[in-house]
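Letters A, B, C and D mark the chains as written, and numbering starts fresh at 1 in each.
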Amino acid sequence: MKKHTSRNPNFVSYVKSKIEKNYFSNHIGLTFDKIEEGYIEASAPFETFIQQQDGYVHGGFTSALCDIVCGFAGYTLVEEQQRVMTVEIKVSYFNRGIGQKIIGKGSVVKAGKQFFFCEGEVYAINNGEEILMAKATSTMAVIHKK
Amino acid sequence: MKKHTSRNPNFVSYVKSKIEKNYFSNHIGLTFDKIEEGYIEASAPFETFIQQQDGYVHGGFTSALCDIVCGFAGYTLVEEQQRVMTVEIKVSYFNRGIGQKIIGKGSVVKAGKQFFFCEGEVYAINNGEEILMAKATSTMAVIHKK
Amino acid sequence: MKKHTSRNPNFVSYVKSKIEKNYFSNHIGLTFDKIEEGYIEASAPFETFIQQQDGYVHGGFTSALCDIVCGFAGYTLVEEQQRVMTVEIKVSYFNRGIGQKIIGKGSVVKAGKQFFFCEGEVYAINNGEEILMAKATSTMAVIHKK
Amino acid sequence: MKKHTSRNPNFVSYVKSKIEKNYFSNHIGLTFDKIEEGYIEASAPFETFIQQQDGYVHGGFTSALCDIVCGFAGYTLVEEQQRVMTVEIKVSYFNRGIGQKIIGKGSVVKAGKQFFFCEGEVYAINNGEEILMAKATSTMAVIHKK
């Protein structure tokens, strides 16, 4: 994976200021564990409210987690005041999720001027074993400040 | 849109029994407004907890809503005891979401034996105006009872 | 489907000038049957060279056809000298293709300033019956002239 | 990348027998350079007929190449007489393609019983430099012999 350089020297505090006000990611139980240039890691405990009717992680939680880690991975690279918006995202579901903790990893794969290509992965940690639940690919638009 | 025929005469109660235990869709505020053969409509009020940092609907909520209405649209057609699981979903974001109510519509477009192709749409209702926020296409696998 | 207005009054001749030099679409047998604002229709006879090993239309031909009709649908709307490039495309395969003629239809669904959302459909005409082979969704970038 | 084991000890000759009759992949100039368990590599010289109107590789060629290497990667793993068909494919275009040779690489990422998740990459070789043109993710169905 190519290393990216942020256009914002204060990207950690900029991303944290966005995360703080991101009501939906808080509502679904996410904590942000890594904020690096072009990379975000977030996780959630296996609460009942992220599950579907058979006791597995809900696919909607998984797609939301992919969107969140991809989007904030984009935010680590843009200039102060620029914003990142999802143009489209595709999520493929590899394995059912069950365990104690769910982890999402988002990376910027290519950072263009107008949009970024990002990729996400979601893992379930089940008794120490890491299961790949889903992979995502996404296009993110960079919204320039006015 | 072609009309589908359910393989389950009791599909309404079957789908309702699944929705009831779907913790995640309850957690993000969804109510199910229509349960028809091959079609589901669900909505949520514009609560703060479905928003991102700029006051718009979070893209992760939108993708989750697409997944939920597409998946339950699949559930309306399968046999009692069969289940439906998302293989993959792609969501394209057309417009930002703001308003008083968010509506998701999911349809089965083609019902094969082993998997269904579904499509979803998400609208924001803002002062009576209906804005198309997102469109989704999805592949759902039919899990046969053992 | 919302009607679009081209930013180029001479869009028909502009698109034709692009099609003429589009070696790949000629190579795979395409003829362009309709060039309208935000809409393109192209077709090919069921030649052996568009088939795979079982005598059906090759999925790669189908995805190429989707890309071509979506891309040129975008070209009908842009200004003279602007170009349209595919950011991403997803194709879902509904039915195998066999028959006498294959038709692709591409539409711009939303025309933004920087990119367009397009949708494609591919049909096989088999003894007068029209079979939906595939549906596509695509993001196209508008490349502004320098 | 996890190593896969074919369900067919004669997978090389089985795949070759399919490639031979694959008219479309021949028509667009492909040669198959590697046939391994869960992995296919194919390439084409930079002929005029794979180009679009600006002298770059046509996006439709690229999506077709992704479909072909992903599909045949699936064919390396199935039983004799089983077939592999594309359910859906998404291609993201990272860079324009220009050079002397185009290479496609397809891998099976997860081999389930009923379907495979595959990923593809397309590179342009330009004066010895390798440029990543596109990445693809795909779902392939395993068609069981009757």
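By definition in this document, a residue touches a chain if its C-beta (ideal position, glycine included) is under 8 Å from a C-beta of that chain, and two chains touch if they have at least 3 such contacts.
Everything quoted here is computed from the prediction, not taken from an experiment.
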item	value
Between the pairs C-D and B-D, the one where more C-beta pairs touch	C-D
Far-end chain from chain C, centres as C-alpha averages	A
Chain B-chain D separation of Cα centroids, rounded to whole Å	33
Centre-to-centre distance between chain D and chain C (centres being mean Cα positions), rounded to whole Å	22
Multi-partner residues of chain B (each touching 2 or more other chains)	87-88, 90, 92, 137, 139
Chain A contact footprint on chain B (complex, rising order)	18-28, 48-54, 58-61, 63-68, 71, 83, 85-93, 96
Chain A contact footprint on chain C (complex, rising order)	87-88, 90, 114-115, 137, 139, 141
Residues on chain D engaged by chain A in the complex (per definition of touch)	90, 92, 94-95, 109-110, 117, 135, 137, 139
